[in-house]
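What follows is a pair of complexes built around subunit A, which joins subunit B in one and subunit C in the other.
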Partner chain A sequence: MSLFLIVALPFVGSLLPGLMNSAGRNACAGVTFMITLTALVGLLTNLPAVLAGEVVQTGVTWLPDLGLNVTLMLDGLGFFFACLILGIGLLIITYGRFYLSRKDNMGEFFTYLLLFQGAMVGIVLSDNILLLIVFWELTSLSSFLLIGYWKHLPEGRQGARMALTVTGMGGLALIGGALILGNIAGSYDLSVILQNREAIQASPMYLPALILILLGCFTKSAQFPFHFWLPHAMAAPTPVSAYLHSATMVKAGIFLMARLWPVLSGTPEWFVIVTTAGLITMVLGAVIALFKHDLKSLLAFSTVSHLGLITMLLGTGTAFGAMAAMFHILNHATFKAALFMSAGIIDHEAHTRDIRRLGGLRKLMPVTFVIATLAALSMAGIPFLNGFLSKEMMLEEAERTVLFSSPYLVPALATFGSLFSAAYCFRLIGHTFFGPVRDDYPATPHDPPVGMWGPPALLVVIVVAIGVAPFLAEPFIKTVTASVLGDAAEVPKNYFKIWHGFVPALFMSIIAVVGGLIVMAIYKPLQAAWDATPRPEAKTIFEAVIASAVALAKALTHPLHNGAFTRYAAIFAITVIAISYHAWTTGTVGAPTRAVQPAGVVEIAGWALLVTATLGMVVLHRHRLLSLILIGIVGLMVSVGFVVFSAPDLAMTQLTVEVVTIILLLLALNFLPNRTPVESPVLMRMRDAGIAIVGGLATFALAFHYMLRDTVAPSISEFHIANSYKGGGGTNMVNVILVDFRGFDTYGEIIVLGIAALLIFALTEALLNGPVRARLLNRLPDQPRAGDMHPMMMVVMTRVIMPLVMLVGFYIFLRGHNEPGGGFIAGLVVSIGFVMQYMASGFAWTSSRLRYPYHGVIGAGVLVAGLTGIGSWFFAKPFLTSDFTYVRIPPFNEFELATAALFDVGVFLAVVGAVMLSLESFSRLARRAHVEDPEHPMDINPSRDDAPKAEA
Partner chain B sequence: MSFAPADLMNYALMGAFAITALSQIMAVIRLWIGPSTADRILALDTMVINAIGLIVLLGIYQGTQIYFEATLIIAMLGFVSTIAYARFVLRGDIIE
Partner chain C sequence: MEFLVASAIGVLTAAGLYLVMRLRTFPVIMGISLLTYAVNIFLFTSGRLTVSAPPILTDATTYADPLPQALVLTAIVISFGMTAVVVMIALGAYLGADDDAVNDIAPTDAGDSK
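After this line comes the complex of A and B, so read on.
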């Protein structure tokens, strides 16, 4: 199967579980299972090529200028990880089906899981390192959703946030590292980067790149000092913990280290940083794990410890170390996923994961007991189980590693870590399953259905199979190792076997197991000592760091952004004036090239009205209704001004917008006091007045200077004038710009308009459904109500004028392309026609006659505009390419048909929907409880009393 | 005394401009002194009507029909805001 398909399947498939949600839990899990299975089968079809040592590659260019292309490759390493992700994914899906309760939304869970799966597969199959980072971030996001899946649990939300913060910051560092790496290699394709070992390691930017990339890897793979997020992510449902936090996501960092191993490893810097971090993580994780009482916490720290082990092996930089690392990844994935699922089973059946409340489960849950014990013994490194083999290889490698010029440091610490590792495994088995059967379990434990124990059992079969017959895994692991090593080193010849003879590694192993048993024997005093030791609490530190970062950000932004509009406006005005003044004093101003035009009486009168109204606003702005009337004058005079300066389109838009705005503001004013109270002190108002005057004068000066001069460069309007008819087929340049030249902008704008209207609707809806509802319904008018609710004259008049308004709207729409008009103005005109009906005949009467909801009208508008744009794809043209032609249908004259007109229909619909939805939402707020909905459109029924009744 | 028709037209036009502008200014004065809100709303309504006149006159003066849609829209929809103001003053709620 094509690699594209393997990566795309989980993403595309992630739509299905949500859709299948209502079809039942089995259908939902089944479809998820089938998607994963298909992807896995598709992957396996590439197995022969991979085993033959080929690298399967495929790709298309995406953003070649940025070096970001969708190129995928499949080699041994990628195949190995993809197999783990999809294979364990299948088991997890089966397990999750039975784990989730009826209360959990299964579709949501599996949708997130598939998104995560797709992102993970994307990481391991990416050839382009930038593409890899895209998928990398997607895993962070989807794991955030998965960890926080139980939204009602605060730990879940906090853990999700912590995981996202830590891995997100690591991702940021990784981007930097990847960019440097790509810069050195001259390409962002991994296949090219991997060929440039010498160039990269010789570059002075090697160390920064290494550190940044390792930051990404260490945060993702929970290496010290970023290990703390993983245990907190355990608030996730157990299938998530088993999948993300043992088998797949936390291995992404390790995957990347292995992927870049040929170019990054082998230097002293790599060796010191990676080995040390791995070693510390391994020991620290093992020690903490021993003293954790929560089963999942214990397993989380043990995962941290094992990830440290793998990191350390990669850090040694030897081929044998890399091979041991790959082998341990396989083994760890099998036994740890089995253990997590067992912990989930215990939690599910006994309703607790606290080891102190468990014990004696051996007899109650025999199946679980066998599974968990075999997996835990494998983790402890007991022979004939796969954990033993890779641990032995690790010890062998540790024994040869000299860190900080001490030949004993690494072996001693590795043995110490293994000792604790064995100890917590024994504790897990001993304190959970052995001991007397208790009578105070929160629930009666018993073995779960086969759907839950089957998946871990299958994994344990692999654990034992590899443990007994290591040669089964050997060829595969060697293929994987070969692709890790690339050309940098030869695959080691060592055979995987249980018995190596009396080598140091065996003695270290024996020390670890025996030591582990001794630690178990003296566990009680050890635990007491541990509890008595003060330790830094990672979560507290993390929260303190976050809190101080927030405080710092607030200290920086609060002086500028305190929520008061006057402050923003003042800062903005001062900044712009200062910059303009700087430009004015340092730049040169050419001589005026145009003469000042003479002003007639009418112009001066209009100007005087505008000034008067504005000054009136300044004086009367605290009286809200009066200031609204004054705004009406300003709007009117501006419209007339547009006419005087030959911009009829603008004038029409301004006029209609004016009407709609006033209605909207009046609707809102109904809920507000009549007067704005004085809130700011006199000095502050003086200061603001000063800023306003300076700002006004500056704007005047700029406009005056600008209008007296020609532009320095030819202005863009010349292009529009030249091409409006030729290219857009319309003589009205404004309209052609809106629907053609700048069609994409307009498309964005109508979407924004629609979103704004929907937001208004959502906010008022929330108000109406909330505690405010009762207050709104029982609100009494603040002044006596005069006159009729629905005066007859107004009803009749608006009815009569309605068809006329529609006709004018239609006319303005049609002529828009060549004469002033267009979809936007027509939309406003038609909306006002509707609003008139609301005002005259009332809300109830009008909305009961409404056939299409306004949301749908907005959606239809955006859709029509979008489809018009997409239509041009069918003619192999870019989005929103317009076309027009002239047709003649007798008896009419020849007329023009343009795709832009179709686009304009979309604009029209979106405008009508948005205006009506926002007005309607506001007026819904004003509905009152004590006012009955009238039966008739008018307050007086004009039909004669003796008119024949309808039913007669 | 004899006028050429074009002159007559021009004088009439100038006169109309002056009268409309004057009435516009007087409407503003009414709006300014009030005293009641109803006076002010009526003043604004008068100004809207005068604006139609001004734009039509401008069209005649420039000999173009391109502004007539603007006047059509004012004539057809300008009253809506007046009604809205009036409803607000009388009933508070403009859509009941």
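After this line comes the complex of A and C, so read on.
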């Protein structure tokens, strides 16, 4: 099966459990199982190639300029991990089906599980290191969802957050490291990076890259000092713990270290950092685990300890170490998953995981007892179980390792760690299963259904099989080791066997087991001593660090971002002015190249009107209605300015927009207070005025300098002028640019306009469905209403000129391509025609005569414009390629038909819809409860004999 | 003439900035509108000032720069949409809280959760 399919299956399949949720728990688990099984079978079809030593590769280019391509590869290492992920995944799914209670949403659980599974498979099959990081982050996110699955438990949420914080920070570091690594190698493809051992290790950037990548690996794999998140993640449901912490999530860091082993290992830096971290983690985890009373906590710290062991083996940088690491990954995954599931069974049946409340379960849960005991003994390193074999290899490697020029340091610590490891395994067996049967269990323990003990039992069969016949695993582990080592080293010739003779490793092993038994014998005083020793609590420290980070962020943010919009505006203005000043003083200003044009009386008069109105707005801004009139003058003068400076299209647009804007603001003022109170002290107003004047002067200076100089590079406008008629078939260059040259921009703009209108509509809906509704309905106007709200003169006038307005709009639209006009302006003109009807006869009367809702008009506009663009695909041209032709239908003169005109129809419709929808939304707010909607277009009609209703 | 246009832009900017720094929504919206004018005119002048040469193809040899005009045309229409949205938000806030002050200076610790 294609590698793409193997990676994609869990992701695509993650949609199914949610859909199957209502079909029952078995269907839900069943579909998840089948998806995983399909992926596993697909993976196994690649086994012959992998065993033959081939590397299966496949890929498509995605973002080649960034070096980010979707390339996947499958070699021994990837196959090994993918097998663990999918294989143990199958067991976890079966187990999870029986573990989760009826109250738990199973579809949600399996969806998260499949997402996580897909991300993990993605990591181990990625060839591109950037793609690997994408999957890496996906595992952090999906494991967050899994750990926090029991949302009602605060421990679950806190544990999930801690895991996400720690692994997320590590992920950030990893990105940095990966970028450096790819930079040195000249490619982000792992297959290329792995060939560049010498170049990478010789580079001065090797150490930073190494540290950053190791940060990522150590946080993910819970290495000291980042080990603390893993035990807190135990708040997750047990199937999640068993999955994440035996075979998958925490092994991702190990996987990456193994993957990059050929290029990163073998240097003193690698050796010291990785071996030391691994050693400390191994010893620390083992010691803490012994004193944990919660079964899952004990297993969590033992996982930390074993991850340290594997890390240390990778750190030694020898081929034998790498082989031992791979073997231990397999062994650890089997016995640890079995142990986690056993702990879950005990929790499920006895309703407690506290070792102090357990004991004597041997007789009550014989099946679980056998499974857990075999798995725990394997973890302790007892012969004829697989844990013994890899632990022997670890001790053998440790015995040869010289750290900090001391030949005894590593062997002694490794033996010490193994001793405690054996001790906690014995404690787990002894204190849970042996001893007298108690009568105070929270629930009566008994063996679970086969669905729950079957999966761990299967794993224990593997544990025993490899333990008794290690040669079964040997060829496979050697294939995996070969792909870890790459070209950097030869696969060791050692055989996997139980009896090596009287070698030092054997004696170290005996010391560990006997020592473990002795520790168990004196456990009570040890526990008392441990409880009396003060220890730093990782969670408290973590929370203190987070709290101080939050405090720092607040101290930085709050003075700037305190909710005062006024302050933001001031800060923004000052910043822009300061930056402009800097640019002004550091740049050079060229000499003026254009002459100042003389100004006539009309221009000066217009300018005076504009400036007076603007200043008037500042002075009179507390009278809101007055300032609305003044801004009308400003807008009018701006339109006149456009006329003077040869921009007829702009003038028409500005004028029509001005009309609808003023109507809109009037509608808003209907609700808002009419005056602005005096609030800010004089000093503050002086400060604001100062900022404003400086800003105004700066803009003035910039604009003045700008207008007197030509552009540095020739403008692209020449192209548009030359091609407007030839290419676009129109003489109005502005319109041709809008509908043809930059048609795509315009298409985006009408969509934005439509979204703005829909947003307004949605806000209105929210207001009218919320608590504001009653207030609006019962509101009393703050000013007396007009006696004649729908005056006859106005009604008659607007009806009469309606066809005229439509005609003008139609005319402006048609001439748009060659003369000033076009869809935008025509849309605004037609909207004004509609608005007049609303003004004359009221919202209710007019909208009841509305045949097409405005949303539909917006949608139709966008659709027409889009379809016009798509139409060019049928002629094998890019989106929005325009065409035009000239036709003659007698008795008319020859005229032009252009696809651009069709596009302009879309623009027209979108503008009409957007303008009308926004204005209509505002007027909907104005309806009141005690005012009935008028039946007639006008209140007083002499030809009607009904009495006018008095307004309340 | 350049002086007139540049000073108009300056005055519009100054008045806009002052009004934007007021404490109530309506003057702030007015200020934003004035700034919109200033920005639109400024963008328009990037084509430099040309009198009596509209960008309609004729026999003439010089034309006003059509490109800034096309940009500003859509900017004017979009700014209407944006003004409408801002007004709606201001209105909703006023109707909901019975207060049209723009500043919301309150301790923001309420958002933290454990």
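Note that in this section the second predicted complex is superposed on the first by the 576 of 952 C-alpha atoms of A that agree within 3 Å, B and C clash if a C-alpha of one lies under 4 Å from a C-alpha of the other, contacts with A are read in each partner's own complex, and residues count from 1 in each chain.
Keep in mind that, in the parts below, a residue touches a chain if its C-beta (ideal position, glycine included) is under 8 Å from a C-beta of that chain, and two chains touch if they have at least 3 such contacts.
Note that the structure is predicted; figures quoted are calculated from it, not measured.
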{"item": "Which of subunit B and subunit C A:V640 touches, first, second, both or neither", "value": "first"}
{"item": "Which superposed partner A:V601 touches (first subunit B, second subunit C, both, neither)", "value": "first"}
{"item": "Partner chain in contact with A:L738 - subunit B first, subunit C second, else both or neither", "value": "second"}
{"item": "More subunit A residues in contact - subunit B or subunit C", "value": "C"}
{"item": "Contacts of A:G727 with subunit B and subunit C, given as first, second, both or neither", "value": "neither"}
{"item": "Which superposed partner A:Y706 touches (first subunit B, second subunit C, both, neither)", "value": "second"}
{"item": "Partner chain in contact with A:F843 - subunit B first, subunit C second, else both or neither", "value": "first"}
{"item": "Touched partner set for A:G168, first subunit B, second subunit C, both or neither", "value": "neither"}
{"item": "First (subunit B), second (subunit C), both or neither touched by A:P648", "value": "both"}
{"item": "Which superposed partner A:I812 touches (first subunit B, second subunit C, both, neither)", "value": "first"}
{"item": "Footprint overlap on subunit A, where subunit B in one structure and subunit C in the other make contact", "value": "644, 648, 669, 819-820"}
{"item": "Subunit C residues touching subunit A - in the complex, by the definition given at the top", "value": "1-30, 33-34, 37-38, 40-42, 44-58, 63-67, 69-70, 72-74, 76-85, 87-92, 94-96, 100, 102-106, 108, 112, 114"}
{"item": "Subunit A residues touching subunit B - in the complex, by the definition given at the top", "value": "600-602, 605-606, 608-609, 612-613, 616, 625-626, 628-629, 632-633, 636-637, 639-640, 643-644, 648, 651-652, 655-656, 658-659, 662-663, 666-667, 669-670, 781-783, 785-787, 789-790, 794, 801, 804-805, 808, 812, 819-821, 829, 832, 835-836, 838-839, 842-843, 919, 923, 926, 931"}
{"item": "Touching residues on subunit A, where the partner in the complex is subunit C", "value": "154, 158, 550, 558, 562-567, 569-570, 573, 594, 596-599, 603-604, 607, 610-611, 614-615, 617-618, 621, 624, 627, 631, 634-635, 638, 641-642, 644-650, 653-654, 657, 660-661, 664-665, 668-669, 671-673, 676-677, 679-680, 688-689, 691-693, 695-697, 699-701, 703-704, 706-708, 710, 715-717, 720-721, 724-725, 731-734, 737-738, 742, 745-746, 749, 752-753, 756-757, 759-760, 763-764, 766-767, 770-772, 775-776, 818-820, 824, 828, 911, 914-915, 918, 921-922, 925"}
{"item": "Touching residues on subunit B, where the partner in the complex is subunit A", "value": "17-18, 20-22, 24-25, 28, 31-32, 37, 40-41, 44, 47-48, 51, 54-55, 58, 66-67, 69-70, 72-74, 76-78, 80-81, 83-85, 87-96"}
